[in-house]
Structures are given as structure tokens and as C-alpha cells.
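The two complexes that follow have subunit A in common; it is paired with subunit B in the first and with subunit C in the second.
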Partner chain A sequence: MSAQIKQKSSFGVAQIILFLSIAILVIVVAFPVLLILFNAFWVEDHFDFANTISILKQPATYEALMNSIIIASMSTVGSTIVGTFFAWLVTRTDIPYHNFMKSMFLVPFMLPSFIGAIAWKMLLSPNAGLINKFFMENFGFDGPIFNIYSYYGISAVEIMYLFPFVFIQVCGALERMDPTLEESARISGAGLMTITRKITIPLVMPSILSGALLIMLYSMAHFGTVAVLGIERGIYNIPVLIYERIHQSGGSFDSIRLGAILATVLVISAAIIIWAQRKILSTGHYQIIGGKSFRPTQLKLRGLRIPMMLFCFAYIGFTIVLPTVIIFLVGGLSTYGLPFTPENLSLDNYKFILFDFDVTRDAIFNSVTLGFTAAVITMFAGVMISYVIVKMKVRGKGILEFLGMLPFSVPGSVIALGVILAWSGQFGINLYNTVWIILVAYIARYMAFSLKANSAALEQIHDSLVEAARACGATMWQSLKDIVLPLVKPGMLAAFFLIFLPSLRELTVSIMLYAPTTRTIGVAIYTLNEDGETVISCALAGIALIIIVLGQFVINHFSKKAGV
Partner chain B sequence: MRKKGIMLIMAVVMSLLTVVLSGCGGGPKQASSGSGSGAGASSGGAAGGNKLVIYTSMKESLIGGIVEGFKKKNPGIEVDYQSAGAGKLMAKIAAERQSGKILADVIWTSEVPDFYNMKNEKILEPYTPSNIKELLNPFDDYDGTFTAARLGTLGVIINTDKIKEDPTKWSDIYTKPEYKNGFGIADPALSGTSYMSVALLQSKYGWEYFDKLHEAGARIGKGSGQVIDDTSVGELTACLGVDYITNSKIAKGAHLKLCYMTEPNALLMVPSPVAIFKGTPHLDAAKKFVDYLLSAEAQQKVADAGTVPVRTDVKQDPKHGLPKPEDALKNGIKVKYTEILPEKENTIKKFTEIIGKK
Partner chain C sequence: MDIIRMEGITKGYPDHPVLNDLNLSIKKGECFTLLGPSGCGKTVLMRLIAGFETPDAGRIYIDDTPVADLADHIDVPTENRGLGVVFQDYAVWPHMTVFENIAYPLKIAKVPKDELKKRVMEMVDIVGMNGLDKRYPSELSGGQQQRVALARALVGKPSLMLLDEPLSNLDANLREEMRFEIKELQRKLGVTVLYVTHDQEIGLAISDRVAIMDANGNIQQIGTPWEIFEKPVNPFVFNFMGIANFIDVRRENGAFLVGNGNQQMPWPTLPEGDTNKWVAGFRPSDVNISRDGAGLRGIVRRANFLGATMDYLVEIDGTHLRTAIETHHAIAKDLVLKAGDQCSIEFTALHWFEAEQLKGVHEE
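Here is the complex of A and B:
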């Protein structure tokens, strides 16, 4: 129980904080989303559901929706299998180097999947992909062994970059699982298969499912991979269709409305997914908390030990190392299409994009400043809002809790469309075509990360600390400053980096909002690739990868120190 | 301890910022493309808004040199340009008009119908360049609202490793086996030149031409540059490509060749008009830029970049294999621009339906 609300002076502070928190969430997140819902059903001056349904029935819309579902389902199933298998392998078997592998399997988290898609296009496009060409030239294949421009290709690339969502959840569950459960089954005479089927799988199922749903949520609303690999063969999903319509229309209302309807579909599916995830987590969570630090028994792979290890290394090499190498190599070519021989390779493109080419220099500058500003603002706003949600007992908190859930469930392209509706002049403020609109969208998009990190940190601070301070005569402000703030600093730092790094490679939101002057790194890579400046776009992708990996190093270093 | 950690992180972030910032300021400050918050602040000396802004669909290899030359001639005028696809620029202009102020002073793209549209909407400032007599003019109804500054051409770009024999007729694309399943056309919704070429080919050969291309497995690519890169790498064997983009890649060693069909009056010639926006605060500077763009000096740069100028008195490098300006004008497929104008959306839709059919 916090005592502060009983005192008159702090009553004001509490109310101000609450009011500010609600205001931020309403302005940044709720208002744009409401505008989308409103525009999806409001035609001229009345609600018209029939019109909305007729738009949904148009072949293009319907097909985009189906594509989103098909691609998301294939990616989800694939990532779940891959992620669960590797998680089991590194936590429950005696495979060598499992710690190293565990960290390698998390690397795809850092890599932007649209850069991966560009790399895989170069490796597996049907006629010119390096791997396809290699097989056709050396083994007499008539056609490509794999065509990346297909549903399978798109899903395969998404799986490569999304499976860590499941991997990380399942690893955690397997490590936390109480081994006595399995041991008692074994003592009672159950075989390995029975134990796996009856004990292990049911116990980790909630984690697998919640990871799978995260992937589903992400993939439904994912722009980059589908845009890079799908458009040429007429495969497009909801975010790609929204982007294409908005960009071709020059801001006509019809396309905005179509976008709003599609965005509504995304919001609804996201809501269903989130609801399902909560349901699963609430039923399954308690079962796996063991608390005791027994090491679970490890399965001896015996003869399979070395082959499995080689398989893991091959997977890592194939999905992580190979695409990265290709990006850097193509970035070094003088023009795309030349063979990778020393005379064709140089650092000229890298020099050009860093020092001479305004588009890329601006893009790097824009992304770094946008990411930094968004991270700082979101970090502070996040700690304030989480404080109200976690610690304060004030009236009206329920609204805030609901609002605080919103950023988690609104996909990027929906946020982008929402800020276009909200901030392009209809309500007095016109930010369209400026960096500010991207900043607003970033804040809305990344608020969820900040809320998560900060509320986790705040939950660990016991109320008695603040109460003790207040009992000794500190004002509320003093207790906040001297007790709470120092203790949540690690959470705030984590929030900062959780926002700063992803925003450096952000594409889904910025592609909808950029103007020629306000390209971000992601947009520059994407548009340069689309414009046929393939080598330049790869060089920029290479630089982006370097910045991201260095940033990750800094995080790991400091988060260890800060004990996050 | 924790404080130190934060300070360190801040230091790292700040130094990262400084590196990028100094990277921005370090290079020669050619055409600082006013990056939103960033370069706007760093433009320092010039009083805000005292900059000529050009929107163009010409790529860096063409516009960069011209702007530099103009600045050398007019040291008092600051210039800023935005290079992007014509469709994206028009979308930006539409948004800017809604907010009440077009940020560009000059526009130079290859999407002729857009210029007729803007003329009808009366947002262009008529200006007849002082050197008009020396220029080739592709527009019958010329009235000074916009002036062609380049006679861009498109040819069939072949990958020289895959196709040995130059195509000579438009029908080669669907009769000869080497083009089967390997011919690409940029998405007309993204690229103005691609849209214009589709309209030109359709007016000359009808939609049957595209039906036959579809039967021969022709594909829709993305931007006008990407189809050329796809041809260069061998994903496509040939494509419809813009002259100077191809020439700049050939100059860097790409195994490509730009081929023109030898049939009479079958050249894809797409003029790139330049125009000044009405109400620009930099009218004098804008007029100076248009004059410069049409001068022998700038047109020489146009020719050197590998495309066709609007003046007959500039030297064309034979390595580019381009037609002479007067021939480009004479042999170009003739259409009434005002007639194809209202058809734009339908043309794109029909084209996408035919070629994209599964």
C-alpha cells in the first residue's frame, strides 16, 4: 500500500503523473488506432459495414489477406519446429559447444530479415541465384533447385529469422523445468518416449505455443521479406498491399480507407493472437516453475553427438554466415552481375555511401538521431507509465492498464497508417513528410518494449523501500528520486537499447512514412535495392549490420554489468 | 558503479553520433539533401528557405553533375535536390499541396502526363527559356509551361553472356527463344519511363503485343534500375531499359548492351520535361536553373551521362550507342500525350493484368 495518496501535496503529483501517462498513451497510440477503426467503417457521414465488406471481398484485398495467413502459418509451423528442436538440442542433450551454439542461434534476432531476404534473393533466385547456378552448372540440373520467389521461399527466409522467438521461450522452459518430474516417471518405469510424450512436451507446450503465436503476430504484419521476394511474382500480404496503395495514390482517400480496413483486419487478428497467448500462459505457467536448481538429465546422443554438432554448425553457417558474407561481397562489387574476383571487388562503395552519397549519409544520420531520440523519450515515458501501472493506487488506473496493452498488440504498419491519419493536417498538426511523423510512430511502436522492461524492473522493487523513505520524512518526489529511480535504472537502460537498436534497422513503419529527405537506413536499403542500385544497397546493408552488431556488443557488455 | 555505466553508455552513444555527424559534414558539401532535422541545421550560413529545391526522377549519375555545374556558374545560389521515382515525387507533391505549400521550386521527371496534369491544375509557372530557339521540342502544343530537357530513350537491354545476337525488331522478343521466360519490364506503377514505354508500345502495336509477350513468359520487375541489374546478373536475359542507367552500369563493367530496334518510327523516346512551380519564392534562381539545364554545357553533361540531349550542338560519345537527338525526335513513336493522359490508371491496370496473369 502506498501511503502517498493520503497526503494532500503528493495527491497532486500522483494525479499529474497519471494524467500525463494517460495523455501520452492516448495521443501516441490510442488516437491513431481509433482513427483507423473509425475510417474503416465510416463512409462520408454514416457507418457502412456493407461497404467495408464489399472492399474485403475484392480479389486484391482477399488475396492479400489469404497470403498473409498462408505465409504466417507456414512460417509459424516451420519456426516452431526448428526453434523447439534446437532448444531441446542445446539444453537437454550432451551436444558439444552448447553455450556457443545457444548464443549463435540468437543472432538472427539482430539481423533485419529484409536484408536476409535480399541476400537470399542473390543466392536462390531461379536463374541467377549463386546456389542455383552452382547446381545447374556443375551437376547438370535443368532448372533451379529452389525458387526463392515463392511461398516456400518467403516462409523459409522468415523461419530463419523468426525461429529465435520460439527457441528462446522453449530454452527457458526446458531449463526451468523441475527434473524430479521426469525422474519420478523414470523410476516408475516409463521409457524415454513415454516421458517425452507425457511429461516433457506437456510441460513446455505453453512456451512453445506462446513463442509460436509471437511469430504468427510478427509474420502477419511483416513487410520486408514479402516485399523483397514476393512482389515480382504477385505474392503480396496485407502490409505490402497497404504500402503499395498508399504510395501510388498520392494520398487519395480511397487508398487510405482500403489501408484502414486492412489495418483493422490486422488489429483484429493481433487481438485474437494476444488473447490466445494470454490464455495459454495463464493456464500453463505455474506448471514449469520448479525453483530448485537441479540440472535436468541430459540425453546422451552417443554416436549422433558429432553429426548433430556438425548439423548445427552447418545450419548456422548456411543461415547466418553465408547471407552475411554475400551481402558484404556484393557490397564490394563495382556493378551487380560481375563475378567475385579480386579485380571486381573494392571498398569504393563503402567509401561512397559513408562519405559522398547524400542519400545514404542522410539515412544513417536520420536513423541514428531518430533511434536515439525515440529511445530517450520512450525510456522516460515508459518508466513513468509503468510506475503508475505497477506501483500507484489511483483511480482511473484501469484505463491506463488497458491503454498500456495497446502498443503490444498494434502491428507496425497499422501504427504507420494511424499516424498518417492523425498527423497529416486534419487535426491541426501536419507532420506528414517530415522526420517528426516517423519519430511519433517510433515512439508508439516501441512503447511496448519500454513498458515491458520498466515494469519488470519496477515489480522487483518492494513497496517497503518507498514506505521506509516516506516514514523517515522524505517527500514523494525525494523517494522517487533517491530510491525508485536508481533501482529502475537497469530497466531503463535495457529499454533504451531495446528501442535504439531495432529502430536502426526499422523498415515496416518508416517505409510508409518516409519522404525523399527523410529516409532511414532500412528505407534507403530497400529503395536503393528497388531502384536497381543493388551494390550500393548491399554496401549500406553491410554497414548497418556492423552498426547493429557493435551495438549489441555494447548492450551485452553493459547489461551484464548492470545485472539486467 | 551504475552511474559510471550510464555515463559510459552515453559516451559511447555520443561518440557514435559524432562519428556519423562528422561523416555528414566531412565530405564535400555538394547538394546537401537537407535531411529533415539534420542537414537543415547544418546549412548554417544560408538564411533558411533561401535554397532552390529540385525534385527529379533522374538518378544521381545524371543530376549530380548538373547541379554541381550550376552551382559553379551561380556561386550565390544554394541548390538542394531530391532524386526519387516519379510516382513517389508526385505523391509527395500531392501531400505538400494539401498542407498548402509545395516545397519544390523546379520539377524534372520523365512522366509527361504528370506535367499536363499540373498544367491543367495551373500550378506551373510558364517560362520560355531564353535559348528556346536552339532546342529540339517534342511537344506540338508547346507554350512554355514545361520544356523538354532530355529526350530519354529506352531500348532492349541484353545480357551479352546470354544473348549473342542483337534484337532488331520488337517482335524478336516473343519470337526468338533466347527471350523466353527471361524478358523483364519495370513496374509501370513505380517507374514513369516504364509507364510511358508501355503506353507507346501499346499505341503502336496494340494490347496484342503484350499478350504475345505474356505467352513468351515476360515478367514485371520492380523499379527501372532493378530490371537492368537483374539482367546484368542473369536473372533476366533481357529487359526494357533506360539509356543512361544502362550506360552507367556498362561503364562499370556490366555485361550489358543497349539495343535499339531498327524498324522505322519504333523508338521508345520519352521526353523529360522541366518546369517551375507557380508561387516559388526563388523564381529568378529557378529560371536560371532551367536556362542552365538547357545550355550547351549542361546538355553536354546529359550526353556524357549516356542519354540523349535536346541540343544538336553537343558531342555524343559513340561508346554509348545512342541515336542523334534529331533522329531520336524523328524516329520516336508518336502519340498525342493529351490523349493517353486520362488512360494512365487503366493502362497500368491492363498491363498488370496481361503480364501478371498466371
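Here is the complex of A and C:
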């Protein structure tokens, strides 16, 4: 056996992987974010905080800041109420068809909110909105019954698309909650209202808050809905103001600096929100909700059972079916504004955008190739980085763990600005106006998804499986290839689709980075709609919805097979 | 000849030392068991030999070749140490069939296809898994998975096999069956086995030699199972090998008196040494109890009927001992006692320890 025993080479594979992982995260995420922070405070040749403050105090900036906060707060509160209520309804009452409703309430997760905003604009804009017009013409209303170009309108649309964040968290918590906790309160003589108030709500509170904070984070940095519904009446939030300024000035220094300052505000808010979320999730309350699945006791709705069911169906019909139908119908019209009669409707627009119109054809090609490339790269980078964080024992891992948290807390609009600062030639590489800058930004934006999916998969692979391979004579590389990769494949596949699908409808990042030839689907829908090409824009939105829904079916199929 | 030699091995984790200056040799061809309470560092010791961990100090030799020596910058990776390892959780790869699992070491070693197939099927036969070679681990029971893990560890004909609590996840019947199979395999294939466990029954049943490790990672005694059982060097080892009684005995004017009373210890061989404080250690089965025969007089404090046996807790002058008697025997001899009854105690076997040594034993 002596012959078999060889000296270990000094070549440290572990160090190389660690170095690569750190390099990827630094280049893709940390460096752009640092540049933003630097630009926010650096004027000419020195740090100038007073200047930063004075820019924040400018009316336009200040207003955008306040708008972000107002809209985010309204959307968060509204989504939390809607999400918690529906979650309780489908998990804890005897409402009919609760499984069907549960999956329907998750549909908005798939739908891009800016497409929804476009639909609602067509339905509820003050003068041309179909619903408003219908009421004015038929019921003698003097003015619109609801103006979607308002804080309420914007928040309402955001609520429709964001409430699933709370819904899914609360459903999970309610389903996993030990029913004996409630039963023992019942035995002690507490009534149902008391139990709900004193036992159930405090127990699911961490889930509610954590979902609410996610919505807050998302809404503050959200571009699409505000851009579609707010600009008309001068309602700007932070990402929209950044976009408008940079777009109008063609990327002037002042606009970039303003963007950097506003982005810094977003980064800081995001950091606070993420910190608060972690704090909430680590409180003792959460441990009472175990991993086991119980059959919770259901509340009998009795007389309210049918009205509640009808209410849910009305909600689903009004917020999910109606806007989707409108998109497809308008996409079929020859001219926007014509009534939806058979002679006005055809598939011509769909044919046109798929085969003849180079803008939309390019956009579809760009989005698919960008999404695919970003998904593949991010999937592999993510599995490597997660491997170091979850499995490897190597010095310097702490840095990587810190860097690995960054992608979770950097909003899309910040990433877009960061890559402009980093890759526009100041550091020797100029990717501006090319498709590559969008690719880099996508990788940064979706790294968090990949890290999450891959870490989860890796955590399920027990260390002894790899050690057993090493004991069988496999080198580290062989054990990675033969054992780790095959077992982590479901996680990688999940990561791929988690990136590929959202990137098909991505708007926040691409809108900041696109050039005439590098439009993505999201950018094309948005700009066509801004240019008044409503029917074309809706047809493209319809195609996008079809691709997204089909993709979701593929995901569900694969994840069921892989048991993820 | 020693197949493993560990010299001055020290290993610790931040704020938690595990092994300190440990020396251990294992002879070629023997079945060696490392026995210790959970958390004592025995698994760490095995992982050091396997190369999953590196020692902070000290040297490890396999077949007289250094494989780990921090001072000389030697750290031979696991795959080059030529071992077979069986883990507590089997570590059978879920994405490979039984055949593929067992064939893996041969595939890595680039064994030609025909020979690979022949050797794998031989192994499948040896571990009694005929006809199951195309199954996936999820279609196997725990015991079958453990057989696959055994076959995989043995197929490469390693000269040394390490087993880390391989049977602790199996139910009692299967455990008993498997431990004899492991012993049988070891004899048949002539492989050296290092078996790590906290279960003294397995340790005694299959080993040529046993090492007893205490909770602080120190080896207390190495010997054959008989030596360990019959001549424990200290109360820790004695206690670890089964339920043990310790009664206090004090030396006063050359007499050995039990507890705080004046009864002399009824045992022919008395300990020699400077100290006046002793303990007598014995197992419940080494006690003869009677109503009023010869021996120490005591009072039954608690009587438990456990079905086949009666279990008594007896107090003798402030010190307690437990003894068991077969129920039918108790009925025949009128020894069904109840709490408060007087009784007499004699011993059939007994070990002397200094009272000083007892410290810490009961805290384990």
C-alpha cells in the first residue's frame, strides 16, 4: 500500500475556488455598489456630505423620495391585509375550492406588474379608461369613478401583484402551526375571537412581517407600475426619477450623481429592511411553528361560506382575469379605441410582432438569449459560491459569506446604475450600449436566486456522501463531478428557471441599460406603450404572458419530478 | 506489525479541545474497537486516520508511512490512504444503483470492465444482496443500505477498514445479526478493522482488542475484551462495561468497614495501599442476597418486579447497591422481598478501586 500513498500537492484547489467565488461577487456586485456609494459622496476631489444633503433637499429629489416611501407604505399595508386575509381564508376556513383558490392567488407572482399597470391604465385612466367610460356613458357619471393615475391607483395595482409575498408566507406558517396550541386555548375556555387574537395572530406575526418587509423592499425600488401610471401626473418615485434624469440628459454627470445619491438611499433602506427581517425571523415565536405538517382545525363559515367564495372569485376575476383578457383583446385590435367586435379583432398584430416587426423580433431574441445566458452563467457561479459557503472549510470564507448576502439586498435599479458606473469605460472596459452590460446586470440581479436554490440543494447533501467518495479513492474533483453535481442538479435546474423566467419580463434593469438594438421584451412593451403603439405593445405583452405561463408549467413539471 | 501508529496526536476546535497527546497502535489483521461515551472524540480520531481532519500536532503512520505530520507538512489526502470507510448514516449515494455504488472504488481505480463486474458481483454475493444490484438506495431497507456501504468499503480490498457506529441506526435484531456478519467478513477477507462505537456489547462481541476512551478523549485501557471485562484498571472502565455498583469502604485500624457502620467487608483479598478510602466495585449479578445468611446486613429500600427478574435497592450503613435475582428463583427460595425487609449480602466477584479514582465516573 505504501506505493498508493502519495504526498498531497501544495496546489490548493480550495483556495482557487474560494478566490474565484470572491472575485465573481466582487466584480459583479460589490464593485458596482461601492462605486455608487463613492459617487454619492465624492465631488470633484473630496468627500462632500453637505453637497449630497443639498441634492436630497431639492424639491424633485425630495418628492421622489417621499413618493417612494408613500407608495411603498400604502402597498405594503394593503398587500399585508389582503395577503393575510386570503391566506387565513384558504387555510383555516371551510371555503369551497380552497386548493384552486390557493393556486389562483399565486398567479400574480408570474405576471409582470408593469403589464398589469398597462392593462389597468386602459381600464381606469380618467378619460379613456374602459370602465370609467362605461360608467360615464351608461350611468350618467360626470367624471371618472376611479382615477388610476394617483397614489391610490398605483398602490392598488402594486397590491394586486405583490400580495402573494405575504400570502405565501402566511399560508406556510398557518399550515405548519401546531393545532394543539389553539386547541389547548380552546380547552382553557377561550372563544374563537380570543384564540385568533391571542394565539394565532401572534404566532404568524413573524411570517406576516417578513412578507410585508419583502414587499416594502420591492415596492420602494420598483420601476414599472409607477413609470406606467405615475409619470402622466408627475408622480415619480426613486427609480423612475433616476431613469428619467439619466434618460433625458443622455447620461450626464449630474444625472448620474443624482442617481448615485438616490440609489444610496435605496441601498441603505434595503439594508435596514433586510436587517429587520432577519431580526424578526430569528425571534422565538417562529420556533413554535415546526416543520411537521398538521391538519389545522377549520372554521365553519356557515352562512358566509358562499358569499365569501363569491367574493374570492370576484377578486380573482377582477384583478387577474380581467386585466389579462384586456391585454389579449387590445393586442388583437387593429386600432386602439375601437370596440371589441369580431370584425375589429384579428391575430394580425401577433403575426406582425413575431415575424415582421424588427423591434419586437429583436426584443424577443434579446430577452431569450440574455435570459438563457444569464441563467446558465448565474446557475454555475451560484453553485460554486454556494458550495464554498455551505460545504467547504477554508480560511477566508467569512468574506464570501458577507459578499453572498449582498445580492439579496441590492435592488435592480441600483444594480443598473452600478454597472453603468463600472462598465462605461472609466475602468478600461466599455460595455455601455451593448448587450453585454445588460448581461452583467442580469447576473448581478439574479445571483440571489441562484445562491438560494443551490444552497438549499447543497444543504441536503450530507458531508459523508462526499467523504465516502474520497475514501473510495476519488479526488476532490472526481467527488464533485460524480457525487455533488448529480445530486445538486435539481437545485441548479430550479436556479436556471428562477432566473430565466423573470429575466424574460425584466424591466427595471434593462430600461436603464438598453440601446436601440438591445431592447428586451420588457423595454419594448414599455417604450411602445409610451410611444402610443398600444395595440402592438399589448400584443407583445400577450406573447410574453404566454411564454411566462408555459415556462412556469415546465418549472412545475421539473420541480415535481425532482421533488424540490 | 502495526498498520496504524498514532503518536502524540492533539486535535481541538476553538474553545473545545478533543484529543490531547494521544498514542495508539493497531496491529495488522486485528479487529480493534474504540469504545467511548458519545462526544468523547472517538469519531474525530477515526476521521484523523481517514484524513478528513488534520491533527494539530503529532504524527499518524499507516503501514509505517507517515500520512499526517504537521511539522513535516505531510497531509496525504484521503483518496491516497487506501482505506475503506463505513459511516453511521451509510452514505450510500442515492443517485446510483447498488451495483454502481459498489463499483465506484473500482471505477476510480480504472479496473477493466470485466474484472470490475466480476468483483462487484462477488461482493454483492458476500454481503447477501443477490438480485438487488439494480435497485436504488431508496428502495432498500436500512440494513440493506448498510450492506451496500460495507461492500463498497471492501470491494477495493483495502488493508484497513474504518467503521464509525455503522450499526447504530439499525434496530436491535438487525444490529445483532450484522455485527457477526462484519466479524465474519473481517475474518474471511483478512482486513484490519477499526470499529468506533459507544455500544460495549458490540465492542466485546467482535473485537480482538478494545480501547476504552473517557469523555475527555483520553484512552483509559487497551486490552482484549476479557481483560477489559475482568481486569478493569479503574472505575471508569468498570462502570462503562455495564451497570456497576460502587460501595464506600474505609480502612480503620487495619479493618475494612462498609459505609459509616462497623461491618467488615466479607471478601478475602483486601487492597494494599496508603489511602484509607476505598470503593468496592461489582455488578448486580455478582451479588448474592439472602434473608438472614452470612454477609453484610442491610435493608431493602426499594423492590421492583421486572418480569423475569426482581430488582432490589439495598442500603448498608449509609451506602447503596443494586442487585437482581431471577423471579422464579426468588419464589423458590422465599426471596420475594419488599421495602423495609432485612437482608444479607455476599459477593461472588469484586474489584477494589481507590475512592479518589471514582471522581468523575458518575458524572459521565
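In this section, the second predicted complex is superposed on the first by the 546 of 564 C-alpha atoms of A that agree within 3 Å, B and C clash if a C-alpha of one lies under 4 Å from a C-alpha of the other, contacts with A are read in each partner's own complex, and residues count from 1 in each chain.
One rule holds for everything that comes next: contacts are C-beta pairs under 8 Å (C-beta built on N, C-alpha and C of every residue); 3 or more make two chains touch, one makes a residue touch a chain.
Since the model is a prediction, treat every value here as computed from it, not as a measurement.
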Examine A:H462 and indicate which partner it touches, taking first as subunit B and second as subunit C; both and neither are also allowed.
second
Looking at the overlay, does A:G143 come into contact with subunit B only (first), subunit C only (second), both, or neither?
neither
Touching A:A515, do we find subunit B (first), subunit C (second), both, or neither?
first
Just to be sure I read the superposition right, which of the two partners does A:A471 touch: subunit B = first, subunit C = second, or both, or neither?
second
More residues of subunit A in touch with subunit C or with subunit B?
B
In the superposed arrangement, which partner chain does A:G191 touch: subunit B (first), subunit C (second), both, or neither?
neither
Quick one: classify A:D358 as touching subunit B (first), subunit C (second), both or neither.
first
Report for A:P486: first if it touches subunit B alone, second if subunit C alone, otherwise both or neither.
both
Which partner does A:G317 reach: the first (subunit B), the second (subunit C), both, or neither?
neither
Once the two structures are fitted together, what part of subunit A is touched by subunit B and by subunit C alike?
486
Along subunit A, where are the residues that touch subunit C in the complex?
1-2, 4-8, 462, 464-465, 467-476, 478, 482-483, 486-487
Would you tell me which residues of subunit A are touching subunit B in their complex?
122, 125-129, 133, 231-232, 234, 244, 247-251, 334-338, 344, 354-359, 361-362, 364-366, 368-369, 372, 424-425, 430, 432-435, 486, 489-490, 493, 496, 500, 515-518, 527, 529-534, 547, 554, 558, 561-562
Show me the residue ranges of subunit C that touch subunit A in the complex, using the header's touch definition.
50-52, 62-65, 67, 74-85, 87-89, 91-95, 104-105, 108-109, 149, 152-153, 156, 159, 162
Subunit B residues touching subunit A in their complex are 2, 5-6, 8-9, 12-13, 16-17, 20-21, 23-24, 26-28, 30-39, 55, 59-60, 82-85, 87-96, 98-99, 159, 182, 187, 189-190, 219-236, 245, 249, 252-256, 356, 358
